[in-house]
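Next up: the structures, one after another.
You will see chain A twice below: alongside chain B first, and alongside chain C after that.
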Partner chain A sequence: MTKKLIGPLSIGTSLVSVGSPQSARHELTYYGLSNALAEAFKELALGEIPLLTMQSALHAAAFSEGTRTMERRVSDLRIPPSPASLISPIGGQPLEERLFDATANVKILTSQIAMHLEREWRDKLFRQLDSLHDPKEWEPDDEPIQQASFATFLKAIIQIKPKRRPGLGLSHAGYLIAAWTDKFDRLTIEFLPNDRVRWVIGRPRDDEPEHIAGQTRVSRLAETLAPYNPEIWFSS
Partner chain B sequence: MISKGSNLPDEDHVMRYVPWTKLRRDENEHVIGFLPQAFELREEEQSLSLNWLEYFSGDRNQRIRESANMFRGIRKVGAKSAYGIGNVRHIKEVCDSNGARVRIVYEPDHENRAHSGIRGLPRDDLSLLDALATQAFVELVRDAEV
Partner chain C sequence: MGFREISRIGVRYVNRIDIPVSGPIVEHEMFLNVYPKVPDIFGPLGAYAVQAVLPIGEIGCKLTLNSAAVPSPILDHASFLFDQDIAKEIDPPQSDEAIYDLLNKIRVQKNKVFEACITDRARELFKR
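Presenting the complex of A and B:
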């Protein structure tokens, strides 16, 4: 397949540059999605989206206004159905295109909160996503990254604000996995759709290996991990 | 040679293919182990797929090489992938200490005469998967090094 870089695409105040196969379908996918995102932001700016549900009201008590704003933006980006899914059915799509579409879509999601991520952080994240979707390494029966999982990941990163970046992986179902490792202390978090996370900690305790696992909402992740000294993993 | 459906001998070893996406890495992509999800059953799987190393002849390195060649012949194997190797008895003990009684069974098929599987693994037990990733499959061999 021939791939050619297209110029940076402007979405609101953010720029994102991704390589794109030169097909009409890809351009429709790309611009359709970006238009939907721009609309979401316009409505957000005009206050036309009802933001506070009971659940988000509870979040409001726990997080700063800045964090809540970012979380709302991530949620708003995820809620509208992807125009890509309306334009082209996934079935029968060549593997390289499926992988490309999946990574392009989550990169666009990331670009919408780019102002809250260091440039270096974002660049590394994009490289990790590309690496995870390398067609030469791809398992034929696995699913590429799911947007709903990635939205949960972004919310978690915004809330936890880890100084150390995680290594990334993907589950069979296309859920993003973040792994922090400090010698024998390991934290692994799998980001599920609908703001859910499941996590497992592995560490030696009195010379015995200990494995502690749980599942919670992303909004409670920091609180849930607090008893386990998460600074071991998150501090630089 | 043991028969199909029999338990593998406790003193023997098994080798599992682990793709790039299931390898534990640091932020700079250095491989440092396996993710728990490397040992997670797919929805349609009833047993965790492995190769029985002692099926092959030769010394340990020759068996690992033969097993890797077997994988390469029947499935896609990425250059950045790896294999996890563990002792049968030890794998069962790790599972047992995490509340899962498993069998490691010889399951040859027409493509892979060394094929075996761990039966009885519960689904969605992340603690057990983490134990498998760190205590049971204690040896990691990169495909590029075999």
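Presenting the complex of A and C:
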């Protein structure tokens, strides 16, 4: 009977039984608990105490002072979560808030390498990002821009230093897509997390469109594109 | 009603220095004057973090200096953090005027510390 009653409080129970005769201690716990339960439920039913107070009353009745001290010490030993890990879940946020947070996060990321980008370039980039995340045109199932994708984009842009700005888009998963077009030649790069990029070149050959695609690390992007004369897209 | 006494006034300045990588090794001591010294037999450092705490007697503050190698956010660069925390913990000013006066003095000291801790090669990087 005792076990049934104190089952949900198993952690406390095991602390109570440390260094004392099991049966006597359980008996004591049982009577303490049942009295506390009766009192707490009576007052709770009458609306006189909130649930938290009831839990405190139960806790005080069920465990001895020594046990509570021991529990406090164990509790103090727990390492609190790092402030950096306290990331608020965005799943339940309103759409406008999610979009704002996503764009704010990537703008903050940009600020960390701002010294490598011209002011004008940065301003235009921010306007493009805001435009991409316009709540009025947002499809609810789409993901806003992913920070990891944007970090890859920044690395590529600072290395390639294109004179011409790309058109920007977002994949369904929130990966940034940049496109450069020169007449009928088109280069599209999708920036993936973990420094990966996927690119597609489309250009006419003998009056037929030809497509070449590849996937590589962002550090190899310039080298991989070199055989395709990328200056036609990147130079002004 | 009353005011709570101010027990600490501190300012934190965190700088990241991105150094272009041209070879397998970046000699951080060519750019910073704060770095760890390890025996030569260990070879080049993979990463490092150093902290120094020292008084700035002129303004009665404590300087906590942190410097560390950090992953670079851009390609072909090695990055180092140079982090200054300058704080007055003993007898901090309590009035607005005295607080702003202290903050201005801290800013001047921060610049002095930074200039003392970087080399001319680092200064060249900032001119680009």
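Following the convention adopted for this analysis, the second predicted complex is superposed on the first by the 150 of 236 C-alpha atoms of A that agree within 3 Å, B and C clash if a C-alpha of one lies under 4 Å from a C-alpha of the other, contacts with A are read in each partner's own complex, and residues count from 1 in each chain.
Keep this in mind: a contact is a pair of C-beta atoms (placed from the backbone, for glycine too) under 8 Å apart; a residue touches a chain by one contact, two chains touch by 3 or more.
Because the structure is a prediction, the values reported are computed rather than measured.
Participant: Going by the contact rule set out at the top, does A:Gln112 touch chain B (first), chain C (second), both, or neither?
Facilitator: second
Participant: Quick check for you: in the superposed arrangement, does A:Pro227 touch first (chain B), second (chain C), both or neither?
Facilitator: Neither partner.
Participant: Pick one for A:Ala213: touches chain B only (first), chain C only (second), both, or neither.
Facilitator: First partner only, chain B.
Participant: Between chain B and chain C, which one contacts more residues of chain A in the superposed model?
Facilitator: Touching more residues of chain A than the other partner does is B.
Participant: Now for A:Ser131: first (chain B), second (chain C), both, or neither, which partner does it touch?
Facilitator: first
Participant: Quick one: is A:Gly92 in contact with chain B, with chain C, with both, or with neither? Answer first, second, both or neither.
Facilitator: In the superposed model, A:Gly92 contacts neither chain B nor chain C.
Participant: For A:Ile177, select first, second, both or neither according to whether it touches chain B, chain C, the two together, or no partner.
Facilitator: Only chain B is touched by A:Ile177; chain C is not.
Participant: Chain A residues touched by both chain B and chain C?
Facilitator: Touching chain B and chain C on chain A: no residues.
Participant: Per the contact definition, I'd like the list of chain A residues that touch chain B in the complex.
Facilitator: 124, 128, 131-132, 134, 136-142, 164-172, 177, 179, 181, 186, 188, 190, 198-200, 202, 209, 211-213
Participant: Enumerate the contact residues on chain B facing chain A in the complex.
Facilitator: Listed in rising order, the residues are 19-27, 29, 32-33, 35-37, 40, 42, 76, 78-81, 98, 125-131, 134-135.
Participant: Over in the complex, which chain A residues touch chain C? Could you list them?
Facilitator: Those residues of chain A that touch chain C are 109, 112-113, 115-116, 151, 154-155, 158-159, 218-219.
Participant: In their shared complex, at which residues does chain C touch chain A?
Facilitator: 16, 18, 73-76
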